[in-house]
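There are structures below to look over.
Both complexes below contain chain A, partnered by chain B and then by chain C.
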Partner chain A sequence: MIADFGFGVLLVAFLASLYSVIAALYGEFNKIPAMVESARRAMLLTWPLLTLAAGILVYLLVNDHYEVKFVYEVTSRAMPTYLKVTAWWGGQAGSLLFWSWLMSAFASLVTLRKWDRDREFLPWVIVVASVTLAFFIGMNLFFENPFRQFYQTFNNEIAAYTFQPANSILFTPADGQGLNPLLRHPGMIIHPPMLYLGFVSFVIPYAFAMAALITGRTDDRWIRLTRRWTLWAWLFLSAGLVLGGRWAYDVLGWGGYWGWDPVEIAAFMPWLTGTAFLHSVMIQEKRGMFKHWNMLLVILTYDLVIFGTFLTRSGVLSSVHAFAQSAIGPLFFAFIGITLITSVALIIYRWDLLKSETQMTSLLSREALFLLNNLLFMSILVVCFWGVIYPLISELFTGQKVTVGPPFYERATGPLWATLLLLMGIAPLSAWGHSTLKTLGRAIWIPAFGAVIVTAALFVTYTQNVFALVGFFLVALVILVTIYEYGRGAYARSRSQGENIFTAFWNLTGRNRRRYGGYIIHLSMMLMAIGILGIELFQVETQGTLAVGDSLQLSGYTVRYKEVASWDNPGAGVNHTRAVVEVYDKNGNLLGNLHPRKDYYYDTQQPMTIPGQLASLKDEVYVLLIDWEPITPVGTTFKIFVNPLVNWLWLGSLLFLVGVIIAAWPDKDPERVTVRDGKRVPQASAAD
Partner chain B sequence: MSKNFLRDTQYAILLLLILLSSATTVFAQDPTPTDDEVNRIAKELYCPVCESTPLDVCPTEACRQWRELIRSMLAEGKSEEEIKQYFVTQYGARVLSEPPNRWASYLVPVAAFLLGAFLLFRGFRLWLRPVTAESASPKDEAESVSQDDYVRQLEEELKKRK
Partner chain C sequence: MTINKFVIGGFLILGAVVFLIWSSTAATSEYFLTVDELNAKGADVLDRNLRVSGAVIGETIKYDAQTLTLSFEVAHVPAEQALIEDEGGLAEALHQAVIDPARARLKIVYVGPMPDLLRHEAQAIVTGKLGADGVFHADELLLKCPTKYEEAVPEQSASR
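After this line comes the complex of A and B, so read on.
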């Protein structure tokens, strides 16, 4: 009964979003502000409605209503309550509802802002946001209904239906199947919400971009209005990606954080276009150029977000047949196709209005380098997209199923990443409008010289691997350039304002948040790059079956097997097998005990491998308890990885969050612009 | 039904092969290959059952058997290429971590990059051309430089200090 009510609420939310589309269009075309206001209110109504629907679903999940198919599939009696709540996004139907719920929250937030200066955008922002919302709620209503219940018909057939069939009774299984154990990790509680927050918040810049195109108000007002949305969206998406990486590292038991899996790539692609957009949008703000391109990037990001949402849970790209059999696959693609074609058609329609206001004056100017940056990001995007769809294309045209794994992506994107690092080193030193080789050379030689010294030192003390040395040189260059730029600014400020260097440093960041937040993000990326270079190029592993007291040696470490114990945890429906191993350094000093373990979940009959980790900035000893040899008293099999420098990746991620928060923190008056000689000149303090 | 039958037959053949090959290892001259030797090859093969999972980390029973099969084949003295080829023959090209005709997979990204680079540089030339004519005007030059007020201020401050 309550599930039927949930379905009803979902239906009303769907109708409300459809109404807001129609009312906004009607109000706009017939110039009836009251209708637009009515549309806005209908849109505001979707959030409480979806909150109610979601609340009902969570109630069903927490209270073991296994007559509901979704509840049956993702929970079991043994699961603790918090996991039953997070099981909401543990399956496709729930994920879609979660997406819609977040989307409606963001759409409501946007419509609550002051619209005095941008009245003409309002109806179109409502239309775009509501169409997107209606599409996702529609998916839930018609194809992936989380409220479907099991019914037993008179011939004893049990199946799930939205409406009770004639001559049937409700069927309640005794227990649910339980959540996939991999999704029971704390990382999974926060990773999907972050990713989805990133996804849905990118819809807002898209809605404004479309509103700007439709109304013909194609100055950079839409960009100024959505700049912080975009940064927050980027923050959430980045955090979602990093958390996903950390989850994989801690749970999947293959000693890595990124496997170039289609699902990972699906979340990564909007990040690529989003990052390209964050850079190229600055060209439009500073120089009034490349408006077409920025529009295109926002559109691509939006459609990749939809593509990513769809791919994350569906798995339909595994084969042509899975795609054809999936009810929602073709619909998603139709939606992506329609929005893409409509949006691009609008750009073409408004082509003349989007012409650049100024000319490019130098190949080494900041805007030229940003364009190169965009070329590289887009190339990485093409590699990713092609890699994801190549198996489908191959199967479709040759009938041959193929896998596109990490070697393809690493080989194809490696040089692109390296060039991006080089650009990151050069671009902060180039000026907007005009730079020459001479001015750039004068600024870069000190950091470049420093980077050469660092690389030489690494050559002598750490590695002779050419790829690693090139990578470390670039990383050192970017770090030194960033510090040099920062130092120059702080020094100038401390002299001119009479502040001590730390105060100057602090105030400089405060007054130029976007610039210095951006620099902190660059620095954090470099810390992450150190971690990635370390694990990609220097990871070593070994595996062996040990008797108690025996040991394995790897990269100067000795891992000694002490004991193993296995016990049942009936309350949680899990069997734990936990080993104790000691880790010694090359001098025989005990560094600590590790507890790699294997949890076996009875409800889903799936194991989960939890590594024992000994972390330091130099490297990480990562020990897995493997059961591909049977665990017997005579021998237990361990797999050991030594992952050099990997923790720099996680440190970098933390610094990254700091950087984005600094860059995205609201200014007192972010939209203040002075007009000088009829040209826009952004205020250095606010818009830099 | 026929699909299941086929799959069962495949498993039966596989099991037989494993049994046969493990029987031969008993008489083989080589010592049993280590886990590391097995994993080195398993790492480059993809589980034919699970999506996107390399064979060296796949926890399923089927993969455990496949790893044992690699071990027996190594013990028989088979080369890495022969072992990979065996898996490709049995389960298709999808067990390899990259498509067999590699050039086809790289063609599109490389072409896209070249096209993008070509368009960009063509664009640069177009954008730059009219301005070179205008750049004689000192006003325009000064204006473009003054766009980055911040950098200019910074440079001035630094000059003052010197």
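After this line comes the complex of A and C, so read on.
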């Protein structure tokens, strides 16, 4: 009954979003502001409606309503309540509803802002947001209804229906199947919402870009309006990616964090275009260039977001991410095709309005280096896209499905990443408009010299691996250049303002948060790069079956097996088997105890291997419990990884959060600041 | 002349990217085969990097914890989406593959920790090489358990 009500609410939300599209268009074309206002209000209505629908779904999940198919699939009685709530996005139908719910929240937030100066954008932003919203709610309504219930017909067949068939009774299973235990990890609980927050918030800049194209107000107003949205979107997307990596590292037990799986790549591709976009909008703001390019990037990001949602939700590509086939694939594909073609057609229609205001002259100027940065991000995107669709292409042309795996991506993107690092080192030192080798050389020689010394020191003390040395050189260069630039600014400020150096650092960052937030992000990326270089190039592993008291040696560490115990936890429906091992360093000092574990979930009949991890900045000792003898614990098998430097990756991601928050934090009075920044006042008419 | 240097630079980058993609594809691509296709090709694909997908047969799973050696058999599952849909979705297709004794089977050997998702009627996607003895030596093992996520109908329906 209540599930039927949930379906009804979804239907009303769908109609409201359709109405807001039609009313906005009608009001815009017939110049009836009241209709646009009506569209805005319909748009605002979708969020409470979807919140109600989602609330109903969560109510059903929490209260064990297993007659609802979705509830039956993703929860079981043994699951704690918080997991029942988060099971909302544990399956396809629920995650689509979650997408729509976020979309309507963001669209509402945007339509609630003050529109005085941008009235002409409003109807079009509503149209784009509502079309997207209607598409996703429609998916839920017509194909992936989370409120479908089991009915038993008179010939004893049980199946799930949206509406009760004639001569049938509701069927309620005694217990649900339960969420896959692999998904019961904290990283997995917040990874999908983060990723979705990132995905969905990229719709807003796209909506403004389309509004700018349609209205012909193609100056950088739309970019200024959506700058912070884009940064927050980027923050969430990045956080989602990192959390996914952390989940894989903690749960999947192969000692890695990223497997170049198509679904991972699908989430990574909008990040690439989004990152390129964040950089290239600065060129448009400062120099009035790259206008077509920025439009294209925001369109690509939007469609890659939809593509990413589609890829995780369809069965076109094989992947460890086990969401099954469904009928919604072709519809996603059609939606992507239509929005892409319409958007690109709009760029072509407004081509002349988007002409650059200045010419690029110098190959080493800041804008040329930004262009190169963009090309590199796009190249990595092309590599990823090629890798993902290669099986489909090869099958189309040769009839033979050929795939590429991680080695392809590592080989093809490695040099591109290295070049990006080099650029990160050079670009902050180059000037807008014009730079020469001489001016750049003068600025860079001190940090470059420092990087050479660091690399030489690493060569003597740490590694002779050429790839690692190149990588560490580039990382050192970027870190030193960034600190050097930052320090120079702070020093100059402390001299001129008479502040002490720490106050100067603080105020400098506050004065130009975007720039210095950006530098902090660059530094955080370098910390992450250290971690990636460490685990990719220096990971070592061993395994062995040990009797109590025996030990394994790996990379200077000694892992000694102490005991193993097995017990049931009937309340949670889990059997735990936990080993205790001691880790010693090469001098025989005890570093700590680890508890690698194997849990067995009775409801899903699924084991789950949980590693014991001993973290330090130098290495991480990562121990997996493979097998044990239940009665006489004489032969217990362990697999051990030593992952050098990997914790820099996680530290870097924390610093990354700080950097983005500094860059994206709202100004006290945004309108006033925008005016002050906006020396190049809107010049749509003067653009050509 | 300023335009020229940007055009030349652009072409250099384009060339470099095309080269990177082309050479990496050539060096690392793997045939993606079903068990039937692998049997048909047989000796032609010895020592080539291959990726094979099939349905795991639960009773054949053997694990030697001393050496971390895992072996199991997979049964042929059609690759085409349409055929899988015909059989009633991936979960049903995997079930059909496992109960049908006439289906071609392939023995897989893998050294490493036993994956948590390995179980009866899971879809295994293995990457590795076919040995001369007809055993597939996998160095990578991906598993999908579609029944855990989608198209599930309660147990009772199957028993009546």
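Following the convention adopted for this analysis, the second predicted complex is superposed on the first by the 641 of 688 C-alpha atoms of A that agree within 3 Å, B and C clash if a C-alpha of one lies under 4 Å from a C-alpha of the other, contacts with A are read in each partner's own complex, and residues count from 1 in each chain.
The rule is short, and it goes like this: a contact is a pair of C-beta atoms (placed from the backbone, for glycine too) under 8 Å apart; a residue touches a chain by one contact, two chains touch by 3 or more.
All values derive from a computational prediction rather than experimental measurement.
S.K.: Under the superposition described at the top, does placing chain B and chain C together on chain A give a clash or a fit?
M.R.: Aligned on chain A, chain C clashes with chain B.
S.K.: For A:412, is the partner it touches chain B (first), chain C (second), both, or none of the two (neither)?
M.R.: So A:412 meets both chain B and chain C here.
S.K.: Please work out whether A:434 is in contact with chain B alone, chain C alone, both, or neither, and reply first, second, both or neither.
M.R.: It touches chain B, and chain C stays clear.
S.K.: For A:150, is the partner it touches chain B (first), chain C (second), both, or none of the two (neither)?
M.R.: A:150 contacts chain C only, not chain B.
S.K.: Figure out whether A:287 sits in contact with chain B (first) or chain C (second), or with both, or with neither.
M.R.: first
S.K.: Is A:489 touching anything from chain B or chain C once the two structures are fitted on A? First, second, both or neither.
M.R.: Only chain B is touched by A:489; chain C is not.
S.K.: Using the touch definition from the top, say if A:465 reaches chain B (first), chain C (second), both or neither.
M.R.: neither
S.K.: Does the superposition put A:507 against chain B (first), chain C (second), both, or neither?
M.R.: The answer is neither, since A:507 touches no partner chain.
S.K.: Using the superposition on chain A described above, determine whether A:253 touches chain B (first), chain C (second), both, or neither.
M.R.: Once the two structures are laid over each other on A, A:253 reaches both partners.
S.K.: Quick one: is A:575 in contact with chain B, with chain C, with both, or with neither? Answer first, second, both or neither.
M.R.: A:575: touches no partner chain.
S.K.: List the residues of chain A that touch chain B in one complex and chain C in the other.
M.R.: In chain A, positions 253-254, 315, 318, 359-361, 363, 368, 372, 375, 379, 382-383, 386, 390-391, 394, 400-405, 407-408, 411-412, 416, 543, 545, 607, 609, 627, 637, 639 sit in both the chain B and chain C interfaces.
S.K.: Could you please specify the touching residues of chain B with respect to chain A in the complex?
M.R.: 34-36, 39, 46, 51-52, 54, 56-57, 59, 63-64, 67, 92-100, 105-106, 108-109, 112-113, 116-117, 120, 123-124, 127-128, 130-131, 134-135, 141, 143-145, 147-151, 153-154, 157-158, 160-161
S.K.: If we count contacts the way the header does, which residues on chain C are in touch with chain A in the complex?
M.R.: 2, 5-6, 9-10, 13, 16-17, 20-21, 23-25, 27-33, 51, 53, 63, 65-66, 68, 79, 81, 84-85, 89-91, 112-114, 116-117, 119, 125, 127, 140, 142-146, 148-157, 160
S.K.: Quick one: in the complex, what on chain A touches chain C?
M.R.: For chain A paired with chain C, touching residues are 69, 72-73, 91-92, 150, 156-160, 171, 173, 177, 180, 182, 253-254, 315-316, 318-320, 322-326, 359-361, 363, 368, 372, 375, 379, 382-383, 386, 390-391, 394, 400-405, 407-408, 411-412, 415-416, 543, 545, 604-609, 624, 626-627, 635, 637, 639.
S.K.: Note which residues of chain A are touching chain B in the complex, please.
M.R.: It comes out as residues 252-254, 259, 261-262, 286-287, 315, 318, 358-363, 366, 368, 371-372, 375, 378-379, 382-383, 386-387, 390-391, 394, 400-408, 411-412, 416, 431-434, 488-489, 491-493, 495-496, 512, 515, 541-545, 607, 609, 627-628, 637, 639, 679, 681, 684, 688.
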